[in-house]
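In what follows, subunit A forms one complex with subunit B and a second complex with subunit C.
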Partner chain A sequence: MIAPLRLAWRLQRWEFAFVVLGGLGLAAVAFWQAFDMRSMLTGCGTSSAAPACEFVYPFQTTHGNVVGLAQTLSGLAPFLAGLLLGVPIVAGEVEHRTALLAWPLSGSRARWLAWRVMPVLAISLAVMAVLSVAADLMAQAYLPKSDLGFLHHASRGLPLVMRAVVVLALGVALGALMGRVLPALLVGIALCVGLSVGLGLALDQWVPSQVMTEDEGPEGLTGFPAVTDLRYRMPDGEIIGAQEGEIIVEQAYAAAIEAGQDEPDPATLPRPVFTGISAARHGEVVLRESLALGALAIGLFGLAAFVVRRRRPE
Partner chain B sequence: MLSSVRLAWRMQRWELAFLIGGPLLLAAAAGFVAWQTTVTLAGLDACYADNVALSASCRSLIQWGNALTALPPILEGATVVAPFVVGILLGAPLVSREIEKRTAPLAWSLSLSRARWLAGRTLPLLIAIAIALLLLGQASEAMIRATAPGQIGFPYFAMHGPLVAARAISVFEIGVLVGLLMGRVLPAILVTGLVVAALLVGLYVMRDQLMRAEATWVEASTRDLSGVMIYDSAFTDDTSGELITSEEAFSRFPEAFGIQGSGMPPGMTQVYLMTPPERYPVFVAREIGALALVSVLVGGLAFWVIAWRRPDIG
Partner chain C sequence: MSHLTDTVLEARGLTKRYRRGVLALAGIDLQLPAGGITALVGPNAAGKSTLIKTWVGFEKPTRGSASVMGIDPWRDRSGALAKVGYVPQSPPLYDGLSVDDHLDLAVQLRPGFDRAYAQQRLAQLDIPTGRGARSLSGGQQAQVALALALGTRAPILLLDEPLASLDPLARREFLHVVSDAVRGDGTTALLSSHIVTDVEQACDRLIVLGIGRVLLHDTVAVALAEHAVSLPERPDGVASFAAADGSRMSLVRGDGDRPATLEEVVLGYLASARSTPVAA
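And then the complex of A and B:
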């Protein structure tokens, strides 16, 4: 394993340095933020309690900007790392015409590809795993009283790692198909946008949606479910549409204020009925999505191996 | 010149098709949205002018109008990102690829001078970038004018007009210089990205400081607030003209800010600390000036570097 790792470092040292330093740097920021926010809550309930102890979203003003930026970068990291490390593996060799020598010298092209991909995959997995844990801890520390559920689904935990693996496989396959680094990178960026949008749209399709209880819904403030539909239940039990329900609630509040009350009688108001996937079922979604992404990655690596075996090396 | 254009196309047809064609497509899409929004709004005015039930064609026009409203945010976002993607991906590989593929030793020695060679390689691309991004900036401006009521001001900064092209040209120049210094395509793209991010943060901080320094207190009710950048709000005493902060007003007049209050303390006028949209062209001109200076300096440095750089070191 050391020999292919050394070869990968020699051939892609800039890309490795960027991904490893960038990924671990981002993870360090996330760990530090998580530690900082947790330590602020340790004094809660004592005379030296921090102001954060009083709020549902305790760190919005103190840590919000840094956490938001780190979460955005964590969401981009798997795509950036996958493309930067994956695309040049075959495309770089073909473009520089070194494949002409490397492929005949190795026992088989598939073995050559495996030797080139393995260390890159290992490094990418290691960095993304550290980042995913750090991002998860940071997200949980930012909202200490909530079940995170679907919040920042793609930028923390296993989904982040699986995206990196799929994009790496996509980069390798594109590089093998196109044989040029920059065009493969451009097409890879476009496909990553498509992949990201597609996975976002598919998020609430992995398990069937159900009508949620009031605690499971987004109004409970304790969890972040994936909501697929909103309706309202009238006091007499009739179910009405979201728009109609919101108009009735607005009118009730306006009438109450006109009558000199702070708010209308809750018993007269329609209650929201959320359909979707509760935060507690997020693990099930992650498992299914990860299995699908794993299968997609294997398919893309297989495609890359097939192309490398068949294509001309120049 | 024609041979330079032909050479640029032969060497970078993928990148040019993607990176010049992309902004032109975006420009066409923005122009289409601007045109269709104007036509649809005129049609809707006619629909609502008749005080009768909406016809089937009016209802389909409403649906079309709703569908159109989803596009401007996407196109505005793409217009902000486009100069960076185009500049980095066309600029950084321009010379670094020649060095990496070892064609630079032959190309540089065959041309009359290295400076002329560099000018011949950069000029056609600069012209193509300027034309494509100027068209994109103008189309985006037409779209924003058609879709957003009121003045175009600071909320739409860098989403329209000549600033889009100025940013792309500067980023391209930086990419050329970094590629020339590094001599490898992918590392040059990464480093250019980092340098441009630093430049962008610097410009943002400078602009923000200038805007805050030039902001003035203006009576809230006297003007249209579209396109305005508001930094703070306060109240002035109508008799003494004394400025009191919002926090002070909340504590002095709690009844005015209660649920039944008007939100306006008696004998007070609300004022905003704001940079009005009339100042917007000045800030755009300043940023274009700063970017032009960066372009000239970086371009000059590139000509100096190519005169002494070895053509074969990666």
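And then the complex of A and C:
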């Protein structure tokens, strides 16, 4: 494994340097923030103002900005790493005509592709795994007594790693299809935006949304659910849509004013409720989403292999 | 399988038409026996590269078939490539890799790659293997690509215009290494070029390709023995063409005013192709 890794490094040294240094640098910042935050909160725990410390300190110090930036970059990292490492694997070889040398030498193009992809995948997985753990620790340190649930879902833990894998596969496939690095990168960026938005919208495809009780709501302290919709619950328990509920509330207020009252009887009004996935089911969503992304990555690698098998090397 | 037992490269009615309608190969029939060096000669766009790339499995025939030791390279590319060492035009070596790295890469990619043999070839030419491959001269880069092809220990070498960008000394050294490998290992080499004088000394056989057709295929010795030059030109000749001094001459089969040089044989057949439109 050493020789393929060494050669892969030399073949894509700038991309590797960017991803490894960037990824591990970001992970280092996240680890530092996590431990710094823990130390601070531990310190607060001994003072008389402990509850205030827990919730106020992180938000009112510069840590909040660094943590926010690190979380944003952690969310972007799998997309950047996947495209930067994946696209040049085939497109770079075709663009620089080195496929003319490598493909006949290898005989089997599938073997060549596997030989090129495996070290890149290994490095990418290792860097993203470290980053995902660091981002997870940072997020947990920030809110030590909360079930993080869906908070920063895509920028920590397994979802971050799986996004890196699927984007790497997408990059390889795009590079194979287009045979040019820059156009494939541009198309890849557009597709990644679509993928990111699509995965966000698809959360309730993995487990169905349900009406959440108040203590599961986003204001609650027990966790961060994935809120997918706002609805209303009628006094008889029936769930109605947000628009319909707002109309009923408006009509109730209008009727109360007409009757000379300040406001309608609260017991007759529909109450807003959230629908979504509770924080407790986050693990289930992560597992199902990861399986789907894994299957997508395998499909994209398969597509890349199919294209490489049939395409001209220049 | 009807091909001759010692045929290593074969084309049967091989036609290749590119998407934009360009006809690169127009129904080529060719059988290349094992051993020796065959020069594949023709002008630019004659179809030399396309023919070689079809044997390497880069191009799918539009009609007809190609085979490498009886294996169809489009249907069983791995099987065909196991028999072939290929040197592409303007050897595309990797920017970030040293010569040693290229040898390591070949070991990784090609089962049974003979690194020691390739390294020995390079050492004989004093090529520094620790240096970046792209920092070497054009001749040295061509030698590295040749060493990679030779290290495969494949029975067939396909060399796609490797001499085109080399200076005369580098061309001679390259041909010397090819000759050495062919004579020493019994390899069969097919060397495409449009520079006839370079291949004259090194090659045993000659294929003249023009506008996608085989115009002549014979041993160099027979081609020279059977052709002569007539001054002035004769209507019954293979074709007429201009000499270096501007006078007209004809290439004829049989007796003429003097024996033809290999360059004149090639020029005569290429001129004949120009006067005969291709039908595909």
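The rule we apply is simple: the second predicted complex is superposed on the first by the 255 of 314 C-alpha atoms of A that agree within 3 Å, B and C clash if a C-alpha of one lies under 4 Å from a C-alpha of the other, contacts with A are read in each partner's own complex, and residues count from 1 in each chain.
In this text, a contact is a pair of C-beta atoms (placed from the backbone, for glycine too) under 8 Å apart; a residue touches a chain by one contact, two chains touch by 3 or more.
All of these numbers come straight from a predicted model, not from anything done at the bench.
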In the superposed model built on subunit A, check whether subunit B and subunit C fit or clash. fit
Looking at the overlay, does A:3 come into contact with subunit B only (first), subunit C only (second), both, or neither? second
On the A-aligned overlay, A:105 touches which partner chain: subunit B = first, subunit C = second, or both, or neither? second
Would you sort A:115 into first (subunit B), second (subunit C), both or neither based on which partner it touches? second
Comparing subunit B against subunit C, which has contacts with more of the residues in subunit A? C
Is A:96 contacted by the first partner subunit B, the second partner subunit C, both or neither? both
Using the superposition on chain A described above, determine whether A:313 touches subunit B (first), subunit C (second), both, or neither. second
Subunit B versus subunit C as contact partner of A:18, first or second or both or neither: first
What's the minimum Cα gap, in whole angstrom, linking subunit B and subunit C in the superposed view? 7
Common interface residues of subunit A - those touching subunit B in one complex and subunit C in the other: 96
So in the complex, the part of subunit A that touches subunit B is made up of which residues? 14-15, 18, 84, 88, 95-96, 180-183, 185-186, 257, 260, 262
Using the touch definition from the top, list the residues of subunit B that touch subunit A in their complex. 14-15, 18-19, 89, 93, 97, 100-101, 184-187, 189-190, 259-260
Which residues of subunit A touch subunit C in the complex? 3-4, 6-7, 10-11, 13, 96-98, 100-109, 111-112, 115, 312-313
Within their complex, state which residues of subunit C touch subunit A. 56-59, 77-78, 81-82, 84-86, 88, 90-97, 101, 104-110, 113, 145, 148, 152
